[in-house]
Structure formats: C-alpha cells, structure tokens
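Pasting the structures here.
Shared between the two complexes below is chain A, which has chain B as its partner in the first and chain C in the second.
Take a look at the complex of A and B:
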C-alpha cells in the first residue's frame, strides 16, 4: 500500500517535470497581456544607482552644451532601447542641449531620426539647429571615434540626408570630439565599451551607456571604475529614467512605454519564478522517489 | 489620429508576420517558414541597398570622382587625394581572391587590416579592460567615510559604511577565489579546494545574474510585440478601444 502511494507521488512529480512547454507559453502570454488591460495595476519603479548617475551626468551639463547619442542598435531591440532614447532626448531638449546622433548599426540612423524628430516636435526643436543626425559610417569604433577626435567633417562630410556639414548651423559647435560634453551609446552590443575605450580613455570625453538587459551584467565593472558615468540597463533602466524625469518635474508626461511595461514584466517574472520553483521541487522529489523520467537517480545529481 | 492607407497596410502586415513568427512556439509550420524567409530576404536586401548607397556610393564613388577631377585639373594634387584613392585600391585588391592566379594580391590588404586592427586593439584592450579593471579592484578593505559628510541612508558602524565595506571584501575575496579556480597547476583539494569552490559559487552567482537579465530582456522584446498588437493593431488599425 505504502509502496503504491509512493509510486503515485512519484508519478505526480514526474508529470510536473514533463509539463508541455506550450502550457508555460500560455501562462507567460496571459501574464504579459492581462496587466496591459488593467490600468489600475501599477508597480513602483525604484531608481537604481546606474540610472541615477546617468541622469545626474546629463543634469550637470551646462545648458546649451553638446552630447553625442549613438544609436548602436537595430529593430530587434527597439522595445528596450528606444524608450531610453526618448527619455534621454526629452531630458536634453528640456535643457537646450544639442544632440548629435551617430550609429554603428546600419539601421540606427533611421531609428534615431524618427525618435529625435518625434521628441523635437514635443519641445519645439529644429533639426540642424538643435539636433543633427550624422548617420552611419563603416570602419568600426577605432576609425570613427578616433576620426571624430581629429575632425568631424573628415568622418562625416554630410549628415544622414546628405546635407553638407557647412550648411548645418549646429555643426559650428561640434568640430571635433573634444567639443562634446558627454557621449551616450544606446547599444544592443558592446559599443559602450568602445566609446569608453576610445572617447573616454584616449580623448577624455565622459561616456554613458544604455544597454539591453542581456548585456547589463557586463557593464557594472565599467561603472565601478568610472569608465562610464552611468548606464541604463534594459527596459527597467528606461522606466527608471522616465521616473526620474517625472520626479524632477522635467516632464510630467514622461511615463511612456517602458513604465507601462513594468507591470507585465513583473507578472511574467513571477510566472517564471513559480515554474522554476516547481521544476526544482519536482526534480528533487522525483529523485527521492526514484521515479524520475529516464530512470534511476543519477549520482551526479541530475540533468 | 487618422492613418494613411500605407500605414494601415504596414500595420496589418506587421501583425500578420508577428503571428507567423509566434506560431513557432506551437511547432514549426509553413507560416513561420514564410516569415523567417521574408525576414532573411528583407534583411539581406536592406543591407545590400544600404551598403551600395551609403558606403560604396558615398564613401567610394563620390570621393573618387572628386579626386579624379582634382588630379586631372592639377596633377600635383595627387598626394593630397592619396588618402581617398589608396583605400579604394586596397579594397579592390581584396577582390583578387576570386581569381586564383592573382589571389596572393589579397594578402596585402589583409596584412594591412590585421596590422591596423592589432595596433588599435592592443592599446584598446590595455586601456579599457586591463588597467582600469585592476585599478577598480584595488579598493580599501575597510572603507572610512568622511565624518563631515552626513549620509542618512547609509548604515554606518562608526565611520565605516557597512555595505560598501562588505562589497569591497566580497569583491576582493571573490576575484581571488575565481582566479584560484582557473589555476589548474595545483590540485583543488583541502583548504585550497574549498577556496576554489567559493570561486565556483561566485561564478554561479554571476551566471545567475546574467540569466536573470536575459529572461528580462527576452520578456521586454515580447512586451514590445504585445504593445504593438494592442496599441497599433487592435486600437489603431482596427479601431477597437481597449481598457488601459
């Protein structure tokens, strides 16, 4: 009798280990969609040190100064990085800081153009006066960043839409990299490292970053050493920057896509944690009852 | 906001392709394969068109034609435009690989690329990854705060900020333990073995943080698609009002 009960328990744990992955997908999908349909469901956005530091760095710039925002990403990471770009552009334009957009991704200039024009319209800013989209240039960071250190017009004779630099009023303030107060790379890759390695280490221009969450863990080391003044980590980082814009009364309508995405993201994480816990308990228990799918418990402790 | 017909078509196509891509979660199927093939084709086409227009035309054809014009008018200006002509010649030399009899010519530009890359990267690695990270690790094991500066949020024991000190200790011991784990000339037994085990735990913590961030990133991308479906497709293109 006791043996049969143990076998039944073992079957339950084993069946939990064999949950169809599509069932998990349905749970995740529901966890992501439902919070969007319940407007009252919000989660507090606690601002972390890296986002606060980047915000402080931008806030410390003199009004009317110049920053580079490098759109080093493509469409696949727009949900994470574009909210950062919008929040940063709002902060810069609210302080009359001119933005010079560059890109190490081919798709970056088109993404940057759409975002900058959208935010510029909100703040009554003009292209070529308050922001310039210099576009993409092949050759990678060594050639482009070190080229900018010598002369902008050598690297970018025209802007993205082929307007000669001498016809762009804002370019009188940006002749070479040392005219820039801060470089911010929004990247789906390791480009902030390149900006830190060339612009900061060789030219002495402070650099910040905005990276996808996948890359986030790699960049804490650069924050500790001061190679990056601050960094936004994934969609959460974008939500933190939006929160900072609201808290500091820079833009009370700054809560955008990233802030809206926090409740579904939290719900999805909860679902994943629950399934990870179920999987681990089931793995442990099925091992104890000796009925794990695939035979006896292995000495090494599992798969 | 009123949408143009082109925008409406774009949104419907994007929504349909989103569903095609997500259908792979159930199982591989022709709809997914169509979306996948379209993605590959469009990406390749975009890349080719972009390179032709923004790189070959902008950075090769135009500078070369200007250089040729300058030299034809003033032959002594050849040296001044050499920096535009030489890269183009090096680029053409790489294409010699397609012709076996003169394939050896492509080694010259490759040698240039390797030399240039190595020269830049050696300094880059040292200045970005090696020295600053070593400096960053060398921290006082016990932090001592400036007594004249009050920081109400920081837990202090005397003049010692507790968390900063713990953080520095973990960093120091953790780095040593991880390095010890990768030191294979000494058997990982006894007290040394326990120390390297601690290094493994540090590595596991790092991998765990990376995994957590990866999950967050993937969820963010799915959220982006869901936002598109709810906002642009259902509310924008279909005109159905949703709560929220």
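Take a look at the complex of A and C:
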C-alpha cells in the first residue's frame, strides 16, 4: 500500500516535470493580458544607477546643444526600445536640445521618423530646425562614425527623405562629430559598444545607450569604465527614464508605454519564477521518490 | 601572382591603417578618410548583392517548386511591393512648394523638368501607402515573431533552470534575483516587506545591481579580454599572411 502511494507521488512529480508547454503558454498569456485590462493597476518604478546616469548626462547638457540618437533597432524590439526613444526625445525637446537621428539598422530611420515627429508635435518643435533624420548608411560603424568625424555631408549628403543638408537649417550646428555633445545608441545589438569604441575612444564625444534586457549584462563593463555615460536596460530602463521625467517635473505626463508595461512584465516574470520553482521541487521530489522506490527494488533484487 | 597581389594589398593597407591609428599625420588621416569612404561604397554594393541574392535564391525555389515554395513567392512579392511603394512612390507625390515666391517659380520650372521626388517615397506622411505598409504590415509581423519568444523562453526556463548541482544552483539563484529585480512588482513587495522594515536588508534593485556590476562585469571583462586578444592574434595572422580569409574560394 505504502509502495503504491510512493509510486503515485512519484508519478505526479514526474508528470509535473513533463508538463505540456501549452499550459505554460496559457499562464504566460493570462499574466501578460490581464494586467493590460486593468489600467488602474500600476507599480512603482525604482530608478537604478545606469538610467539615472544617462538622465543626469542629458540634464547636464547646455540648452540648445546637439545630440545624436541612433535608432539601431528594427520593429521586433520597438516595444522595448521606442519608449526609451520617446522619453529621451521628450527630455531633449524640453531643453531645446537638437536631435540628429541616424541608424545602423535599415528599418531604424522609419521608426525614428514617426516617433520624433510625434514627440516634436507635443513640444511644438519642427523637423529640420529642431531635429533631423539623417537616415541609414551602409558600411558599418567604423566607416560611418569615423566618416562623421571628418564631415557629416560626406557621409550623409541628404537627410532620410532626400533633402540636401545645405537646405536644412539645423545642420549648421552639426558639421562634424565633434559638434555633438552626446551620442545615444538605442540598440537590440552591440551598437552602443561601437559608438563607445569610435565616437568616444577616437573622437572624444561622450556616448550613452539604451539596450534590450537580454543585452543589458554586456554593457555594465562599459559603464564601469566610463565609456558609456549611462544606459537604459530593457523596458524597465525606459520606465525608469519616464519616472525620472515625472519626478523632475520635466513632463508630468511622461508615464507612457514602458510604465504601462511594467505590471504585465512583472506578472510574467513572477509566473516564470513560480514555474521554475515548481520544476525544481518536482525534480527534487521525483528524485527522492525514485531513489526510494529504486532502493527497495535493489534490495529485493539482491535477495 | 593571383596570390601575391591580394596578399600585398591586404598587408600594406592593414599596416597603414594600424599606423594611422597611432600616428595621426596629415597624409595618413586623409588616407583613412578615403579608405572609410570606400568602405561605405562597398557596403552599399553589398546591399545590392544581398537584394540580388534574395531574389535569385527565392526565384529558384519557386521555379523548382521545392518545399515551401509559396513562402518564397510571398517573399518576392513582398519585396517588389515595398520596393515599388518606397522607391517609386515619389512619382505620385506632388513636390513640396518652398515658402518664397521666387523659389516657388524656380521649383515649378524644376518640377516641370523632372517630376520625381525620390525622398517623398519613403516619407511616411507624404507617401501613406509606404507608411501603411511599414506600420501596419511589416512592423506587426516582425514584432509578433519576436513576441512569441516570451512564450518559448518561459517554457525553456521551466525545463532548463534546474539546480542539479552547486554551480547550477548558484546560476539559478542569480537568475531568479535578477528576474525579480527587473520586475517592478516584486521589487515593490520586497521593499515593503523587508527592506523598509529591516535596515540591513538592501532593496531588491540594489542586490540586482550588485550582481550585475560585480560578478557579471568581472566575468564579462574576462570574456572581453579573451575576445580582444583572440582578435589581435587573428589580425596579426592576417597581416603576415598566415590566414587569408579575403582569398576564400581560391586554392591557397
């Protein structure tokens, strides 16, 4: 009787170890969707050092200075990286800082175009006066960044939509990379590293970054050495920047997509952790019950 | 000759680029600018090569009716539609009139001579067809594929994150702390229940940052040093001709 009970328990734990992946999918789906359906559900965001450092770097720029925001990502990472771009654009436009958008991803300029125009409208800013979308240029970071160090018009004779640079008023402030106060690369890859490696190491222009959460671990080494002045890490990094805009009374309506995505992201993380805990308990228990049953078998076999 | 000439070009150019990095003399700086310009031009040609390759590979699959050929056909049709919408959309858009009267007259003359605004084709506001295709077809499809990752990562985490021994247990513990630290809700509960009541317990965010700044950075730095040294070794081997990746496809 006891042996049968142990076997049944072992079966339960073993079946938990082989749980159908669709069950996990359902739990993740519910964890992601339900918080979106409850708009009143909000969670406070604790600001971490990398986000604070990037915010401080932008805040320390003199009004009317120039920054590069490089849209080094495609549509797949829009949910994570575009909130960062929006928050950064709000911060820059609120301080009359001009934005020059570039991209190492072909899709980047189109993403940046829609987003910058949207934020510019909020702040009454004008394309070609307060921001310029220079577009994508093939050849890779060394050729493009070092080309910008020599002459912008050599690399980008026109902006994204084919307007010659000499017809763009804002370009009088950006002739060479040394005219730029800060370069920020928003990337789903290692492009902030390339900006730090060329714009900062070779030209001396400070660089910052915004990366997806999976890439975050790679960039702490660059923060520690000062090669990046700050970095936004994943959607939480974007939410932290939105929180900083509100806390510093720069934009009281800055809580946007990233802040709204915090409850679903938190719930999904918690669901994964619960499943990981279940998996480990099941592994431990099935091993115990298995060894108990096996031990008895060996004993009886020995006889 | 077929081997020596490429080797000499690669070695001389490679050494010149190394020298210009350390000696910013006038001629060398100008040479660097020219080389980088060629880099961008070659990059643009690589793009054309990619497009030709995409069409050719998929067209062969369609022609031979090989497995999943309809997908190849959809790829070609999608490419053609986006190419026409973006590349030639400018033909159907009226050029923007400049503000000044004299400029407007000049622009009208110019428009009569050449009625094509290339840039307007990829301006999402001026060319709504391109904007619609980009924002409502391409973006959702790409984002959907990536979003599926959340489900597969959850399933993979359930199966792979097991504390089978001490090192796996340490990895699991660190992963759980970082995941909780990245979840605002968990950080909030931790702080409310523990950190705010017991002074010596740090916040979950502080623990996460400590893990990322110290153990993670130490490990990453080791990896970066290793990669850097390997890249340096590889570069030296290429410069002295021990390895010739630029001659791939030819018998060495």
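FYI, the second predicted complex is superposed on the first by the 290 of 303 C-alpha atoms of A that agree within 3 Å, B and C clash if a C-alpha of one lies under 4 Å from a C-alpha of the other, contacts with A are read in each partner's own complex, and residues count from 1 in each chain.
Convention: contacts are C-beta pairs under 8 Å (C-beta built on N, C-alpha and C of every residue); 3 or more make two chains touch, one makes a residue touch a chain.
Computed from a predicted model, the values in this text were never measured in an experiment.
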Residues of chain A touched, compared between chain B and chain C (which is higher): C
Which of chain B and chain C A:246 touches, first, second, both or neither: neither
Which of chain B and chain C A:142 touches, first, second, both or neither: both
Partner chain(s) touched by A:257 [first = chain B, second = chain C, both, neither]: first
First (chain B), second (chain C), both or neither touched by A:203: neither
Partner chain(s) touched by A:168 [first = chain B, second = chain C, both, neither]: neither
First (chain B), second (chain C), both or neither touched by A:269: both
Touching partner for A:79 - first (chain B), second (chain C), both, neither: both
Touching partner for A:280 - first (chain B), second (chain C), both, neither: second
Partner chain(s) touched by A:44 [first = chain B, second = chain C, both, neither]: second
Chain B/chain C common contact set on chain A: 25, 28, 32, 76-79, 107, 137-138, 142, 146, 158, 162, 213, 216-217, 221, 224, 234, 236, 265, 268-269, 272
Interface residues, chain A side, partner chain C - complex: 19, 21, 24-25, 27-29, 32, 43-46, 48-49, 74-79, 107, 110, 113-114, 117, 137-140, 142-144, 146-147, 150, 154-155, 158-163, 213, 216-218, 220-221, 224, 234, 236, 239, 262-263, 265-273, 275-276, 278-280, 283
Of all residues in chain B, those that touch chain A in their complex: 25-26, 46-47, 50-51, 54-55, 58-59, 117, 120-121, 124, 127-129, 132-133, 135-136, 206, 209-210, 213-217, 219-227, 230, 242-244
Of chain A, residues touching chain B in the complex: 22, 25, 28, 32-33, 36-39, 76-80, 106-107, 135-138, 142, 146, 158, 162, 193-194, 196-198, 201-202, 212-217, 221, 224-227, 233-236, 257, 260-261, 264-265, 268-269, 272
Interface residues, chain C side, partner chain A - complex: 32-33, 36-37, 39-44, 46-47, 117-120, 122-126, 131, 134-135, 138-143, 145-147, 150-151, 153-155, 157-159, 161-164, 172, 176, 179-180, 182-188, 191, 203, 205, 208-209, 212-213, 216-217, 220-221, 224
